[in-house]
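Listed below are the structures to be examined.
Two complexes come next, and they have one chain in common, chain A, joined by chain B in the first and chain C in the second.
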Partner chain A sequence: MEELGKRALTGDIRAVSRLIRNIEDQVPNTHEAIKHIFPFTGRAHVVGITGAPGAGKSTLTDQLICSIRAKNKTVGVMAVDPSSPFTGGALLGDRIRMLRHADDPGVFVRSLATRGAMGGLSKAVGDGIHVLDVMGKDVIIVETVGVGQQEVDIINHAHTVLVVLVPGMGDEVQAIKAGLMEVADIFIINKADREGARKLYKETLSMMDMGKFPSGWRPPIVMVESNLEPHSFAKSVDELYEKIQEHYKFLYDNNLLQERAQLKVQTEINDALRSAILEPVLNKLIETGEFDQMVQKLLKKETDPYTLADEVAAKYLIK
Partner chain B sequence: MRQVKVLLAMTGLDPNNKRIRLLARSLKEAGGVEVYYSGMYKSLEENAAEAVKLQVDLVGLSIYTGLHLAVFPEMRQALDAAGGKHISLFGEGLIPAQDAAALVDQGAASAVFASTLPINTIIEWITTRPVS
Partner chain C sequence: MAKKIRILLAKPGLDGHDRGAKVLARCFRDAGFEVIYTGCHNTPEQIVNAAIQEDVDMVGLSCLSGAHTYLYPEVVQQLKDRGVTDIPVVGGGIIPDRDMQPLYDAGLKAIFTPGATLDSIVEWINTNIAAKE
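And now, the complex of A and B:
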């Protein structure tokens, strides 16, 4: 596994691909490879892109790759698609829109399925970002699944979060609700040639007039029109990329990158502790049949979940 | 947890994508498989590179142009050349039984399914294969 980590550091496509697959499948010992690459992480600018299903995230990502490549920077992409909650299956189609970059060695696109994770991402995203980072990608774009109002895990992984809005998605007041709107560093009003775009723009603007921006960064709103006009579409996305760079510079100049990095490491240590402490105990309980017994006891109301948890903690936690 | 991953591919000017799309949905909904579909009009090399980047277990190539006898060995070669020797190849399409058998015999594909077979045959074959 360590070998795989070493090869990933040299940018070996096959090693990188294998490593990400192992992270997804949670193959034992994959942590060894991550241990090896972790010291070299933290160089890339991570950009998250999120929004409702069908808002145009993949199409924007595809064009954004062009804008970034035009500046001679390399790009890694992680596009997340939903897994079926019933069968665990998934249909990953994001990449159809990005296949034109398939033979560009400066671009690496990977699709992931959520595999039951809540929050709009896959569990593999955190470590996946590290892998793309150490393989030498300058910018890493993480495209979330189509989200509602609350799936905002992206904030824990990205330096710059783009929220894509589209006109005509029902009551515009929905947009003012907390959650998704609060994580935005840049708003994109996509499909801005459609009816209702001005209204959405005004409402987003007035929502921000009510907001406070303690960091000093007021999220700009970028209007992007239909990609049926390739020239103007490309131009708007170029402008978007300028805003993204501005935001990164802002974070850098004001020593705020550290804050974003802190969110990520907090999430990581949380996950690592869970897999090192909680999961082994749970597995043991399931293996020995204790878990089932506890379920039965609870069904008969012989005890309650908190008493059971205290008992398990007393047994396994060394005080 | 290990989950089976499949890349469903088409190649050349073949426009017959109804069945491959049905297969994609069926694999997702009935088989619990993670399915990638790379779309129409792609070259064999593009699909091979995709398969390696995605580290899929299987590539399924759908062919309705009658060129299967030539294309499957080429797809196998493209996969091997891209570093995907460990990735199995199966076929689907308008393929007569004797051609299907010949392709499997010569090692160009692990299995080939005529479009007249029920889609369940393919799903069963994929989901009951031993995972490497």
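And now, the complex of A and C:
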């Protein structure tokens, strides 16, 4: 497994895609490969792109790849689509929009299914970013699933978060609600040639006029019109990429990159502890049949979940 | 461990008739597979690159334009040229009987023609595409 990590460091595409696959499948010892590459991580600019289903995230990502490649920078993309809660299957269709980059060796695109993760990403995204980072990609774009108001895990992984809005999705109260609207470093009003775009712009603007920006960064709003006008679409996305670079420079100049990195590291420790402590205990309980017994006890109201958890903790945790 | 079967579904060549591919994508999703659908007008190069980057267990090709005798073997060959021998290629579409053997000879692992039931395709995958390693 460490070998896979070594090969990923050289930019070996098959090693990279296999490593991401192993992370997703939680293949035993995959952590060994991550241990090997971890010291070399932290070089890439991670850009998150999030918004409602059909807002245009994949199409924007595709054009953004063009803008980034025009500056001779390489791009890694991780595009997440939902898994079925019923069958566990998934239809991953983000790649359709990015097909023209399939022959470009400077672009690596990987589709991931959420596999039950709730925050708009896949559990494999955190380590997946590390893999694309060490394979040498300059910019990593993480496209979330089509989100609602609450799926904002992307802030724990990205330096720059783009929130894509489209006209016609609700009144101005939506704009001042917590969650999605708070995580943007840059707002994109996509499909801005449609009715209601001006109104959405004004609402977003007045929402921000009410806000405070302790870091000093006030999220800009970039209007992007239909991709059916390829020239103006490309121009708007070039502008968007300029804003993205400005934001990264702002983070860098104000020593705020560290703050973002801290969010990611906290998430990573959390996840690693979970997989090192909680998962083995859960597996053990399931293996021995204790888990089923606990379920039965609870169904009969013989005990409660907290007492059971205390018992398990007393048995497995050395204080 | 939580292995999932990953399938790339692609339409090579100049053919926009994607109803069949979409029905299959939905069917595979419902069978619990992860399907990466890359849409219409793919070149063999794009399909091969996508298959490698996505580390799929299988490539499924759909073509109704009659160009299968060129496009399907081309995908198999380009995978081979890239040193990829562990991703089987499966084809479907309007394939005349006389083209079947040449396609198998070219390295296609299975060919499904009109009349093949969705269940039979899923069953073939469950039997023949065990998750890798």
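One rule holds for everything that comes next: the second predicted complex is superposed on the first by the 316 of 319 C-alpha atoms of A that agree within 3 Å, B and C clash if a C-alpha of one lies under 4 Å from a C-alpha of the other, contacts with A are read in each partner's own complex, and residues count from 1 in each chain.
Note that in this section contacts are C-beta pairs under 8 Å (C-beta built on N, C-alpha and C of every residue); 3 or more make two chains touch, one makes a residue touch a chain.
Predicted model only: the values in this text are computed from it and were never measured.
Colleague: Figure out whether A:D103 sits in contact with chain B (first) or chain C (second), or with both, or with neither.
Modeller: both
Colleague: Go through the superposed model and pick first if A:T307 touches only chain B, second if only chain C, both, or neither.
Modeller: A:T307 sits against neither chain B nor chain C.
Colleague: Which partner does A:Q296 reach: the first (chain B), the second (chain C), both, or neither?
Modeller: A:Q296 sits against neither chain B nor chain C.
Colleague: Looking at the overlay, does A:D25 come into contact with chain B only (first), chain C only (second), both, or neither?
Modeller: A:D25 sits against chain B and chain C alike.
Colleague: Just checking: does A:L91 make contact with chain B only, chain C only, both, or neither of them? Give me first, second, both or neither.
Modeller: both
Colleague: One more residue to check, A:R14. First (chain B), second (chain C), both or neither?
Modeller: Touch partners of A:R14: chain B and chain C.
Colleague: Would you please give the residues of chain A that touch chain B in one complex and also touch chain C in the other complex?
Modeller: Dual-contact residues (chain A): 13-14, 17-18, 20-21, 24-27, 83-84, 87-93, 95-96, 99, 102-103, 108-111, 113, 115.
Colleague: Per the contact definition, I'd like the list of chain B residues that touch chain A in the complex.
Modeller: Contact set of chain B toward chain A: 1-3, 5, 24-25, 27-39, 42, 46, 49-50, 52-55, 83.
Colleague: What residues on chain C touch chain A, complex-wise?
Modeller: Residues of chain C touching chain A: 1-4, 6, 25-26, 28-39, 42-43, 45-46, 49-50, 52-55, 83-84, 131, 133.
Colleague: Could you list, by residue number, the parts of chain A that touch chain B in their complex?
Modeller: 13-14, 17-18, 20-21, 24-27, 83-84, 86-93, 95-96, 99, 102-103, 108-111, 113, 115
Colleague: What part of chain A is in contact with chain C in the complex they form?
Modeller: By the definition above, chain A touches chain C via 13-14, 17-18, 20-21, 24-28, 83-84, 87-93, 95-96, 99, 102-103, 108-111, 113, 115.
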